[in-house]
Amino acid sequence: MYQPQPEVLRFLDEFEGVLEEGAIPIRTFNDPELHELELDRIFTRAWVFLGHESEIPARGDYVQRRIGRDPFVLVRGEDGEIRAVFDSCRHRGAMVCRAERGNAALFRCPYHGWTYKNTGALVGAPLLRDAYGSDRDKSTRGLLTAPHLESLHGFIFASLDPDAPSLDAYLGDMKWHLDMIWGQCEPGWEVIGEPQRTVLAANWKAPADNFSGDDYHTVYLHRSTTETGIMENPGGDSDLWDGYHVQLGNGHHFIRNMIPPDVPGPRFLGYPEEVQKLFSPTMQSEEQYEGLKHTVGFVGTVFPSFGFLSFPFKHDRSRDFVTAMSIRVFEPRAPGEMVAWTWSLCPKGVSEEFRRETYRTTMGTFSAGGTFEQDDSDPWMSITRSAGATYARKVGMRLDYRMGMKGNASSRRVDDYPGPGVAYYSVLEEGGQRGFHRRWLQFMRSDDYPPTMTPEEQNAGAGLGERNGHG
Amino acid sequence: MYQPQPEVLRFLDEFEGVLEEGAIPIRTFNDPELHELELDRIFTRAWVFLGHESEIPARGDYVQRRIGRDPFVLVRGEDGEIRAVFDSCRHRGAMVCRAERGNAALFRCPYHGWTYKNTGALVGAPLLRDAYGSDRDKSTRGLLTAPHLESLHGFIFASLDPDAPSLDAYLGDMKWHLDMIWGQCEPGWEVIGEPQRTVLAANWKAPADNFSGDDYHTVYLHRSTTETGIMENPGGDSDLWDGYHVQLGNGHHFIRNMIPPDVPGPRFLGYPEEVQKLFSPTMQSEEQYEGLKHTVGFVGTVFPSFGFLSFPFKHDRSRDFVTAMSIRVFEPRAPGEMVAWTWSLCPKGVSEEFRRETYRTTMGTFSAGGTFEQDDSDPWMSITRSAGATYARKVGMRLDYRMGMKGNASSRRVDDYPGPGVAYYSVLEEGGQRGFHRRWLQFMRSDDYPPTMTPEEQNAGAGLGERNGHG
Amino acid sequence: MYQPQPEVLRFLDEFEGVLEEGAIPIRTFNDPELHELELDRIFTRAWVFLGHESEIPARGDYVQRRIGRDPFVLVRGEDGEIRAVFDSCRHRGAMVCRAERGNAALFRCPYHGWTYKNTGALVGAPLLRDAYGSDRDKSTRGLLTAPHLESLHGFIFASLDPDAPSLDAYLGDMKWHLDMIWGQCEPGWEVIGEPQRTVLAANWKAPADNFSGDDYHTVYLHRSTTETGIMENPGGDSDLWDGYHVQLGNGHHFIRNMIPPDVPGPRFLGYPEEVQKLFSPTMQSEEQYEGLKHTVGFVGTVFPSFGFLSFPFKHDRSRDFVTAMSIRVFEPRAPGEMVAWTWSLCPKGVSEEFRRETYRTTMGTFSAGGTFEQDDSDPWMSITRSAGATYARKVGMRLDYRMGMKGNASSRRVDDYPGPGVAYYSVLEEGGQRGFHRRWLQFMRSDDYPPTMTPEEQNAGAGLGERNGHG
Amino acid sequence: MNAVQAETERATTRIASGSQAYWRCVDFLVHEAEALDENRLDDWLAMLHPDIDYRAPIRVTRERTKGPGFSDQGYHFFENHESLNTRVERLETDYAWAEDPPSRTRRFITNFRVAAFEGGDLHVRSSLLVYRERLDETAPQFLVGEREDDLREVDGQLLLVRRRVLLDHSILMTPNLGVFL
Amino acid sequence: MNAVQAETERATTRIASGSQAYWRCVDFLVHEAEALDENRLDDWLAMLHPDIDYRAPIRVTRERTKGPGFSDQGYHFFENHESLNTRVERLETDYAWAEDPPSRTRRFITNFRVAAFEGGDLHVRSSLLVYRERLDETAPQFLVGEREDDLREVDGQLLLVRRRVLLDHSILMTPNLGVFL
Amino acid sequence: MNAVQAETERATTRIASGSQAYWRCVDFLVHEAEALDENRLDDWLAMLHPDIDYRAPIRVTRERTKGPGFSDQGYHFFENHESLNTRVERLETDYAWAEDPPSRTRRFITNFRVAAFEGGDLHVRSSLLVYRERLDETAPQFLVGEREDDLREVDGQLLLVRRRVLLDHSILMTPNLGVFL
């Protein structure tokens, strides 16, 4: 097991104390040793998003993906089961999957021709009898396979740690929300096209932190979009801040913008009629159906590196607002480098025109070329740059995460949030981001798999519940 | 605090012993751990040159600079005071200064819009009341500012260590020399244009070592310039070696080429009449005025990474010799990578023509494209390459710095040097370079700020005084 | 001396146990700390191939080469002796040799002009008397020279470790084989042209492992060459697997494809008549002469990084098979980066046409653009990629090297191999590759120079003899 | 059907290199590159036809037999005149941070192949190399690929009516696509 | 004698840029680049003369007075029609792993200088930049150099009869030469 | 006033691409690049007008509204005929270490735009990519930017009388400027 230097462990101990005061040492955003430890303690343990079932609908369909930095093939086997197999032959370790996506009954290693089924099982090798004599037991020589893989509404997550809890337990109260947004569309959901990938000189936690409840940046960083009408408050009376921050335990977070039932405006995330009628009131609870109906947009994160969001935007101002739903992975590459993955998501069974327009809007706003995301990439890179400074490390420079703590907000914990989790209203608070870093610490500081926790437990455990100014 | 490995400390201990014998382990010119330790123990402690006041004459003027690798903004505040502020927002750490130079009353962080005065003070943030409630004390959230910044004749230095001595104490006997060269021009000095920056696959100490008294390389490395008449001995009877090496304490060094009063030839660094008359005999001592008058050229270093030089050259041979004064910073980037900064310096109030010609001559000789500097870059890179060799490290390869030690020189310590410091005549000795590395060791080996020392103390402390063959 | 972390030493201990079971931890193919340790414990100790005497036939001829990553000049001095001098001036360390190859009586350092003879001795420096006074002893200031350098049939090897055994002792039973292949050509051998160099994102051990007895990959990876007729079994009745794997001690290995005396087909490596008659029956033993006569092709490795091979190929199918002999160095650059060196080798005194065709065939098959080597580069890179995965490291992923161990092969140890060494027949076994890694471990785990060993001793020492399924 | 293929099935006549029509196309693309490199984005917009169909398909690594791997559904850019107009307008606000300070870019357009469609539009294929750097970064960024452009004459002026930017990247090596291709 | 020099000693007449012959050469090289970038290797073979002499000499670092350092004995490629044909055939099997999936390449051909040999062959010098990337690697590879090509007319078509690829590399920065230059 | 602007305010007439004057300019720059890439520095000097004004301004990162950031005072190169002559002479001594062994360079000149000044001089803008590598280094160096050149006819020959090299770098990524741009 990777053994961190004592200095790193000391840093993590101090980090916990600092976090209780609403601060984060900037060093966390760019440090070689923390990066190595993250790969070892987070990305080989946590449930990581790999892709959507609609990308591999048929038996044999596969796509190449990464868990942390490590190459896996996400493949639907001939038995219909989906697996994540480590893309490395058991003989000499060569890559067995040649293309980025496709359909294959077999993966044949180019080096010596060992051949695996699309379930990962070794089925043959050239000259098997001559080469291996009596020891031809192939059962122990299959491709390494992620010990856990589960799919929720088609969203596939895997964990490399045999001790990982179930995906449901891992998701905690986030599950209710995922059921709400993706569990009520009768035909189901699908991704459009292939994911876009971009290399960025940023630490992966910069976007993860942003997606964990950073509404505050919208008003200034993205002001170009309001000035040009790409983003507007589509709800009429309500405003941008009229939403909830919902802590869901285990480091997950959900921002939810709602519109009151009596206010005219968009329903069901702003989808048009043709899409709205695909949502079924019986697939989940009534609360969830009503909840989706009055939700205008959301931004969520599943710890550590999965983000998703939906809002109506005007990318093409000759048209009305179009709902854009995108899902994101923040792949760690190096202390100061990541790969941003972007998929556009759409309900199945919609018109070609809507499918095209929601795709254009998604990519036009939240992708590498998106009118929002372009600008997000700038501070994500510059934070990473500053975090690598010797001076910042030497003086232990702390970032300010106090918004929403006692005396630091107008936002308050509310009891009437229509759903589980610990909810705050308005969104002018940074509890979700603190929660992300707290969960990060729990993973980084423990040799064992960190226990799942409700948001209260998590805050209490960190002594943060008391200090919070909320209700 | 950065904790070096025991092996590194052992290396530094041995280094001291080796240095007393006039040797330097080549490893010092390319080693990842030494590089990290340098950033921690030298560049966040020492006084580092940042720029010249003429670059930011008006309130609000700023330029982006580095201390070590770290990004700072050198800015003249609305209060007229110059500060070096760490270019990282106190909220999430994003870069607040967007351009490389300009004038700004405010620095507004693009991420969430926190706004700082050009003094570094936080003055506002969007939705301040809603976001931060009662905790809106902005006084603790200003940009981090270098604890020490001082200017001498417009040359701005800063130190990041609160325990640093004053700039005067730090400069020791170098101050007298800086007063001599930059403290006697009535209208003052200014830089022309913007600094040139070049990335070089060299360790920063290779040029620093060169500027600390390496006359010896001129005759061979730069022979192309004498062959083509770019450099010539402008003093007639005297020759290239007719100069002093002056140790000034604390690792600083000054090479001074003088011309005897009774020998015809250039005066006042070779400046033309129109410039000579700008020098005032009353701004400093008579010694300094006479000293400047009979100085033809100089090369100096302020430990660790500031170099400066002046000589008359013929870049354009259709003209007479033109004095070129350039100042340099050797910015550390990686164990084997640096950024070379070059500014051209000129007295204020000269004719446009002279200003242009001194600039052309400076850039034509000592810049990335200069006829001298081009060739300097070659050994600086190849030393760095060799220093990274496993073999060199394993056998503890030592470089030869004995020139000028007992039995190793015709150069002698002299008592009649017209100025303070420990002076040697001729320049065929390497005491200045030994002194640079000795000071480097003092910084690298001590947890506390190393005490300031006279050159005698420094040599004696290292036991080198005895072994020196001088006077 | 480089001091590895305890975790690394633990890994090496475990490696030995794993290897006895016929497995290799994949981590060995991409790990920063192992890489550093290799440079320190293998490349500054082992005998490393530097070049061939025919590259520097005359006094003063030189070529630039690397030992590990370190730059050396391989030069034939005015005294006729060949040396490997470290390309770093003893004054400040600058590179003294400017060109990649040439002829020089003197190497003059560009920085200050210190001048060395082509024997490495310092012979002068500018202003020597003035600069160094009485201490002008030049004898201690010569260029560092590899303590051992020996040539066998023109093949030059060097070791940087004074404690290294003689080249003969180091080669063990490989010497007999080198005598066989390169010691029987009356006019001797020469390389054609200059070596080709290519940077590859692969660990150097991936090709070294391949050259140490990986026949198994030929049938599948290189199937494109059999399909297009580039490679064919030139021996008629015998087949590709009709050969020996010969362990030679100290990590060296030899694959030898032979053709029985009574079977018609190529003789003497498939060389044409004009070349065959250059081989003399009296230069070595009769066994060696007969041995060469009935050898069709071979692949050999001298531990750690020297590979060589010969086979007849049809690169240009308008012609008959042409024998292609190439020699290779796998230069380590970084944990996941190497430089592949390729030379084409030819007997001296052949016709211009054959010389050209053997060159074309060599480069057309086993060079960066070769029809074989192109495809080899792919798994070498992908193994390196997989080996860097956190997951692979965490679960201690093992590669399967069992072929040929008890119950794992049809290949058997044979007693009738016509030569020294421990031989197996057929080539469907991986003992040579296990032997390579075993020797690697012996170097990596010992502070002292590892003792030379016969193949039996080496296997026995590792407890592997017992477990092997061979006779 | 692949979006790239669809187009190339229209009947074309080859335009001779060096002909007047050839030079009109080359000049158009060279001046377009100049406008983009100089951040004259309004001038650039003026070179676009109102019906512009501007796309940069995502590319995936596929086996040799599967072709070049351009997506027929996924696009980095999938724009019409209004959305390009919006992008330019946004870049010209004071808040388009990713491109303010703007990248320093240089577009190299080479390997021109010109044809004429039956209807009269001109069809140009060219190679594109965009060099890009931002702020004081010293890691240069390259965007490389082929362009397939259709130019249509309106009132004596050529306008760009269709563009496919066929990048040679499966992962973009630039932090964002704040520049037009 | 240096292989590069040998050739350039033949008498040539300069061909005016913009002339018909000039454009034929440019078009040839541009279309050749297209065929290679699109992996239309059979089309490429059809552009080669049966007597093609195709080489890429190894280059070593030499002092200024010693010239550009091209070897007269060592070559990365040293091919005739049959060996090129074999290479293409091999790449088109299912087992040419290094180029399956194929690299994504883009060839930029610029700085054309055209001349005519006495016998009628055309001689073209041009600058070559090949951008290459494989799989999901994000470290771009460049192959840069000059080409010296001879084109010969056969039945009204130009064919490449001689090529020297004069690379600017002493160490190749690409893992293999699985692509043609 | 910015040195770059000053020049471009002189009245010019556009020269048609493909015209004789266009090709004279292109040929000039292509042959100039050849001379530089082949280290024929005396040939290069012979292509310069005695009144040559040769500069490469330093570039700083500025906000979008502040323009491209070229300095009007700071220059990497600020040369006249005599200083260029000195540089060449120096490079040809035996002691110009940085360029001996010489860099391997390749200059790609594309995107030509030609105009004529009232007085008769020709004005050419072009894109410049210089690939450079030294010794056995495998980290390629690029110098990228635009050139603005004025060519003047003297005795039937064009000579370079003014050059501005407008680099796209705020920090140079080459260890020295031992090569001409």
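Which chain is which? They are A, B, C, D, E and F, in the order written, and residues in each are numbered from 1.
In this text, contacts are C-beta pairs under 8 Å (C-beta built on N, C-alpha and C of every residue); 3 or more make two chains touch, one makes a residue touch a chain.
What you are looking at is a predicted structure, and each value in this text was computed from that prediction instead of being measured.
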Shared chain contacts [chain C and chain D, defined touch]: A, B, E, F
C-E or B-D, whichever has more C-beta pairs in contact: C-E
Centroid distance [mean C-alpha coordinates] between chain C and chain A, Å: 48
Distance from the mean Cα position of chain E to that of chain D, given in whole angstrom: 28
Multi-chain contact sites of chain B, meaning residues that touch two or more partners: 98-100, 110, 197, 199, 220-221, 375, 378-379
Touching two or more other chains - residue numbers and ranges from chain D: 18, 61-63, 69, 91, 95-97, 99-101, 108, 110, 129, 135-136, 138, 170-171, 173
Chain-chain contacts as defined at top: A-B, A-C, A-D, A-E, B-C, B-D, B-F, C-E, C-F, D-E, D-F, E-F
Chain C residues within the chain A interface of the complex: 7, 26, 29, 209, 216-217, 219-221, 241, 375, 378-379, 382-383, 385-395, 397, 399-400, 402-403, 405, 407-410, 426, 428, 469
Complex contact set, residues of chain A against chain E: 64, 98-100, 110, 197, 199
Chain E to chain A touching residues, read off their complex: 95, 97, 100-101, 136, 138
Residue numbers on chain D that touch chain E, as the complex places them: 16-18, 59, 61-64, 68-69, 108, 110-113, 125, 127, 129, 142, 144-146, 168-171, 173
Chain F to chain B touching residues, read off their complex: 58, 60-63, 66, 69, 71, 73-80, 82-83, 85-87, 89-91, 93-99, 137, 139, 170-178
